[in-house]
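Here come two complexes built around chain A, the first alongside chain B, the second alongside chain C.
Moving on, here comes the complex of A and B:
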């Protein structure tokens, strides 16, 4: 039994539910026979991966859907062995180079070289090139991105790259200029609730319109999350009611509680408490920048206008530092401490004002 | 020995081993070189009523052998050593010796005994504990800080080419150099006596950059005249700094003689222990003997200290023990087992081949977090800062903050982790803590930068951290002196363990989703849905391993997938060491268990 997210994932371009203009563009691209390197970008849960797979399907036919998982072993120049999981079909290979951590450069080079040097014996196949799908290009180190740039040029004759990332901001510009950028925007609330209704209908479940609206809103326009939420609602309560609570991802709840802790007390002791919670989140592979983002969102809610700007500036700086440095916890903590001192000052001022008013009386 | 020398030597040797424990205040800075066994003893001592113990002498010293015939174990090596020293005496050129072996096997003792028998002057190098400053405040002299350790070390080596200490003082006034050798002055000794320079405690600077060693040795080779002996605890870890330092090439290049001692064998140990026991209690307690033997694994010094502690602890009982033997044996057992658990398992990991290294590192951390400042002197309040900077005014630090990192053996990464781990507990004001955290965060950015940009030296980041933190924390927590070890590495291991777990889950779910982060943030965070995911038992197992929703910080439910907590955690916590540092004592606690968080 698979999840609804996977069960109802469209596999063909014409079955995609939204961004029809984009779909037809991709269709035309495929029909033209060849295509440049592609760079899909957009927020998570917008359907980048679905579109990539649909495009491949359009190009190579059902053969693309016969996937197998392979483990490749790569040896770095320093004799360290890296194991990497790839998903292959006869026509394409997909992997996540940032899994290799600091060795991503080696991985990118080696895998691409192997693929590009393997010429397809099957001359009957439609295309003369293979496709490599690279996920999370924005998580790659700078060195890896530069080596990727060179490899792209070198093997462009018999291999095409499809890169996938959330934001192009962290992709170096030489790569951006070598690719056709395709932006996949997040679906609107209406689109999401339409899809939710469609899925529920297929499943034979009644979805109250109110609930679907709320889910669409809470999902932050992330379709994958919205579908997961609906399914979670369904598991929670069988005939779904319009006012039932929508389960949040547990780590989000946890971050919420953490933010409450910060607002409750501003002291070094509380910082220790927060630290242990951040550690826990990180130990469960929640990325540091995600923690930062959600924490900020929660904290900003209880700030007034001028302080909001200050807090967000601080957050932006420390988020940037997370990427520069090697120990994310330092920066998250520095942000929390900074917020605590700002908030404390804010509270004290508020208290002072109150006292002034009382004095006036 | 000549007849006159007898009482003199007695005194000298006393000084020799025990300069740190002597009541002389001047030798205080030497506590860095104190052997951890002595520290261990100190712990025990501090548990007891003090005055009594101070009267008692350390048994290691009391029963130390006076002649080569009394030396136990390592017959062949001692013979070699004897030959070597004799050979050195016969020639004028400088000679260098590398003496290695497990702790407590009698390396230094053998060296001392043989050196004395061959009538050499023994001079020992003590690494200055980074910061020795002029203590009297009234003096108008500006505070002079010590030279870098390296410089001092070089001076030590060169100056001793003169046969007497007084001559060196003509060239370099000892007051200018605030370091001390526990030099054994002997006025009666003729000028041409050879000296035996003993280096047990190699300066950290050299440990960190082994290339400096060559430089130093080259210097000694050209300008030295005496016998230089490095006494180094051995371990067979490749990560051991000493092992790296005395590489085969180095030994070859400078023609360094290398003698390796073995741990003392059991017969030798029991011989000594029973002799001591006989002398102290007039009887030999076989049970205790066995326990001590088992606990000390060939470490004679540890054995004697254990014995001392035990016997001292139960001196009152020992009168009764003939009557009430059963009770005693019970007690012995209890005690001995508790002792054997004290015995630091032969230190394995990273930097701890010398037992007291972690301690000096912890001192460094403590110095940063608990920066001691000099009170204002009324005469010279420094030129006040402009008004917009006035909040940065601080009293002068007692230590040069950039020297602090030098004294620790920690890598800069570990140093930062240590600071980070302990920072919040040392601060009471959130505003100060904010500034300190900001400095930490900055120093973290610097460390990867320094690997890329050559103009940022790698020690820059710990410097920024230590200076920044000691600057920003003004209000000291007076009662808090515990230092916890960082759990950074464990977290990292947990992350990677969880990552591989997630990758495996992704593989098992057989979807085309390899992105483990997405799995963590989206899919697996809906625990309500997890039952739907269970295609296979294996997957069920995996998912139940991941269980975020139980909210147990780094759960122990990761039986096979999570790497065992690194043995690093045992490094700094080998034993409850304690050391009195004027008003400050650092108690090394066991690492926090995660449940306590």
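Moving on, here comes the complex of A and C:
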């Protein structure tokens, strides 16, 4: 595996670079012989998946690293055929129920139940149960989550679930209560730059400390991204210099530009321009909440204290509505319009105050 | 006819003796003669006093005995030779001779048949005769008009007025006095071009277009305004004229060009507009006016493709389409928006001259006018480009109310113009609805006042308005007519009535999804004072509300909540309406966006499907798109020397192999493709570049052509080597073939895709592998080995299956294979 992210990914619990307390806790859990359902949550790029794989490895040995891909065909009650891809080893099975879109309930009911019902044939292995890893649980529809509840209890004798998600906010509380929640926080800047230095040393590349700091900053504490950034930097300029520019993904730049447009002019015409840009972003498969988040971050930078609170409240409201509706564009634009309106008043008041002050002088 | 009767009677009469005593005749006619003939003969030659004629009043009146005797003297079979023309008849039994008088045909027709047989008609002959005379008169006038039309159209219209006024009104009055039971809609339907109430521009345009057919249909010169593509000289005068015309009449001159077969560019005219604007009437009147016979096909007729074809061919393509009126036919396809799609295809093919039997189809030689309500019907999609599309604007209220006033005075009704205008407005300027309700009212009261109209007697027309109408109403602020003295009584422009109006329109338009999308895509283009963008903010709140509500309705199936949808349009009206006429467009952006997104998602899916399991285990779809790919594309394009790999330094070689490794694990490769400027270039396969790049941001060209080519080849080679290794490993382990595990690397198709270089590599490895085999193998298997060397991709795969087979079994040792 050649990307640095893949190449230097630890596969054993004791080799993990940070959150040592968590690692030892997991190790004790595995050593005890049995463990409850687990719910890993934390921001993207914090190392949830790495920890899950390490735990599995601790449990079953090297066997879990021999992965293969299988396709399962399911038929929904409305006779629609869905193909679901699973990643299997001999000891565990992993899949992404939200791949099935609105039919995720069927996936949970049919596939998961089938897997859970079957007893492990491999009596030679040390454990009497197998593990099912479910990714992106927070993207599951409510119905799917509800149908998960009973399955979790009923088949716990021969099947353990490891759920993985970014935020528990979108996981219903009955599921949360059935799992042992394990939070994987994002690594700190220092931890990231330490890892970057370690990887660069292994690769035989000199990484200037300044650059590693900047990368850690820009990666938003996302280790995956930090490693990719370093590698991209190395490709761009071979002996890396402290001042060299760090490439940003196009979509991030594009959102930044959009935010600039909003701040530059507040008019219906501008709103129309912003709309076309949001459409463009969505066409590039950028999730609506991400657009909202990055846009807000950029916009908030040019607001003063009291307005910041207002803007963030509004953004939270509209972000919530995105999930209630089905067309995110409406809600993003409603937020932009609201911000424009607020910002224009704010600017004019500021201008008025300025004039007042000048008058006083 | 007369002679026939003579002969007929001669034979029959000769068998009978009683014929001489006409007073008490019992005519024993031949059994073979039909009742009808019997009657005729009786009428003409005998005096049947006991014969009953049904329902002929004036006929029976004249049958008194004296008259009978008189007639008998006048007509019958004679014994003596009469004066004038006659005919002799001999009785075969007695040998007696009789004489029959031969009468002039003309006098027979005029005096005998017509006078007596009027009873067969439903009206008095006198009236009929008068009407026929009038009709003939009218026709001659029309003919004159037509001839003049050919000379100059515009002059003609004014002259038309003076010429046609007189006879027309006379007909109107006579009709209205005599017939009371006719629907007013039919009674007052216009018969002449000048009586049309529809928009003058549309009328003229259609007439002009119809006149373009004259050279084909009637012969003669082309009208002046027709632009011929053949002798279209671009001199300056022409241009100036054209621009002038465009400015003044807003007509596209190109609509009236002729093609190279001297026929109009558009073979069809398509009239579209709401019901009750007079489209069908216009088509009929104009076709008559231009000298055509109208053949109408509407929704009540069979409109299957076969019926359609035969109809079109019968009316338009055959040259003998001359009826007894001696006029060419013009086909009017009414209500065409409801016709099946196949029929429309047939029509379009006929018109454009396309089709399977291209040669056999003649060129269209008669005009076809199509009429529809909904221009955006699916069926009409292919018709629109080949047709001259004429939109019917709403009839002007003043024009319509004037006409209603005239009708009221004709019908002896009291009316005032305000009440009539109100009627027009209530019915949405629908002529038909106006007339019907007027007639309805007239049975109750002779006084048409505002009170009557505004009472429940005449309700608002329940029109099914289209989406564009809705959007127009939403964004258009009606001008307040305060100047009128009686403005209070008119449907005013106050906010309450506007609220109601938009609400009802939105309710009747339905299709909330589309209507809301249309509002969403159009509202920001409206010119409305909105300095703090507050209306924008509120409007978007409403749109967002719509989305949430809609989603809620769909998930919870509470359709009663749909009652709240119309208020969205109402709110937009109050926030975004302006007196200017709005410029509207159909909403397409959202659906386009959805399609684009689906396309990109699919690319992402293809990419994900090919990623190696181990890499994939750590991937989520969104992280691949947002985090990995943007950097990955940079990472896989390092600075490389596009030279032979043999000349690379060990470090470079290492770099290259890592690069290839990365690309394989992320299922990337380069593919040769013909670029825009007809040059071959290598692009990523799957095409992830478009997934990552945004328009407006600098798109980096990562690598040179040579480098990409080099990498693409190396990726292929590496894939092959891996496939090899995997299969040899299986061979060694004596494991059954693992098929499930096949990623793209294992896909055997890759083996066959190799180019020359890769095969070399391939052989080299094979040799290395087989070298070991040769050492262990028996001499007996040498031939097999050489064979294997030649087609080194094939291996012996041993599979052990327990059970019985029908195949010949032989003991083979493992050693023999190795």
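Operating definition for what follows: the second predicted complex is superposed on the first by the 356 of 361 C-alpha atoms of A that agree within 3 Å, B and C clash if a C-alpha of one lies under 4 Å from a C-alpha of the other, contacts with A are read in each partner's own complex, and residues count from 1 in each chain.
Assume contacts are C-beta pairs under 8 Å (C-beta built on N, C-alpha and C of every residue); 3 or more make two chains touch, one makes a residue touch a chain.
Computed from a predicted structure; not experimentally measured.
Undergrad: For the overlay on chain A, clash or fit between chain B and chain C?
TA: Chain B/chain C on chain A - steric clash.
Undergrad: Check the residue A:78 against both partner chains and state whether it touches chain B (first), chain C (second), both, or neither.
TA: neither
Undergrad: Is A:32 contacted by the first partner chain B, the second partner chain C, both or neither?
TA: The answer is neither, since A:32 touches no partner chain.
Undergrad: Looking at A:173 after the superposition, I want to know if it touches chain B, chain C, both of them or none. Which is it: first, second, both, neither?
TA: neither
Undergrad: Regarding the shared-chain residue A:50, is it in contact with chain B (first), chain C (second), both, or neither?
TA: Touch status of A:50: second partner only.
Undergrad: Looking at the overlay, does A:306 come into contact with chain B only (first), chain C only (second), both, or neither?
TA: Touch partners of A:306: none, neither chain B nor chain C.
Undergrad: Quick one: classify A:95 as touching chain B (first), chain C (second), both or neither.
TA: A:95 contacts chain B only, not chain C.
Undergrad: For A:157 in the superposed arrangement: first (chain B), second (chain C), both or neither?
TA: Neither partner.
Undergrad: Determine, under the contact definition given at the top, whether A:70 touches first (chain B), second (chain C), both, or neither.
TA: second
Undergrad: Just one of 81-89, 99-107 or 243-251 in chain B hits chain C in the overlay; which is it?
TA: Clashes with chain C appear only in stretch 99-107.
Undergrad: Would you please give the residues of chain A that touch chain B in one complex and also touch chain C in the other complex?
TA: On chain A, the residues that contact chain B in one structure and chain C in the other are 1-3, 5-6, 44-45, 49, 53, 67, 69, 85, 87, 94, 96, 99, 135-136, 222, 224-225, 228-229, 231-232, 235-236, 247, 249-251, 254, 266-269, 271-272, 275-276, 279-280, 282-287, 290, 318, 321, 324-327, 329-331, 333-334, 337-338, 340-341, 344.
Undergrad: If we count contacts the way the header does, which residues on chain C are in touch with chain A in the complex?
TA: 520, 524-525, 530-534, 536-537, 539-541, 543-544, 546-548, 550-552, 554, 589-590, 593, 596-597, 600-601, 604, 609, 613-618, 620-623, 625-628, 630-632, 634-635, 637-639, 658-659, 661-662, 665-666, 691-697, 740-741, 743
Undergrad: Considering only the defined contacts, which chain A positions touch chain C in the complex?
TA: It comes out as residues 1-3, 5-6, 9, 44-45, 49-50, 53, 65, 67-70, 85, 87, 94, 96, 99, 135-136, 222, 224-225, 228-229, 231-232, 235-236, 238, 247, 249-251, 253-254, 257, 266-269, 271-272, 275-276, 279-280, 282-287, 290, 318, 321, 324-327, 329-331, 333-334, 337-338, 340-341, 344-345.
Undergrad: Which chain A residues qualify as touching chain B in the complex?
TA: 1-3, 5-6, 44-45, 49, 53, 67, 69, 85, 87, 94-96, 99, 135-136, 222, 224-225, 228-229, 231-232, 235-236, 247, 249-252, 254, 266-269, 271-272, 275-276, 279-280, 282-287, 290, 318, 321, 324-327, 329-331, 333-334, 337-338, 340-341, 344
Undergrad: Would you tell me which residues of chain B are touching chain A in their complex?
TA: 416-417, 420, 424-425, 427-431, 433-434, 437-438, 440-442, 444-445, 447-449, 487-488, 491, 494-495, 498-499, 502-503, 506-507, 510-512, 514-518, 520-523, 525-529, 531-533, 535, 546, 548-549, 551, 553-554, 597
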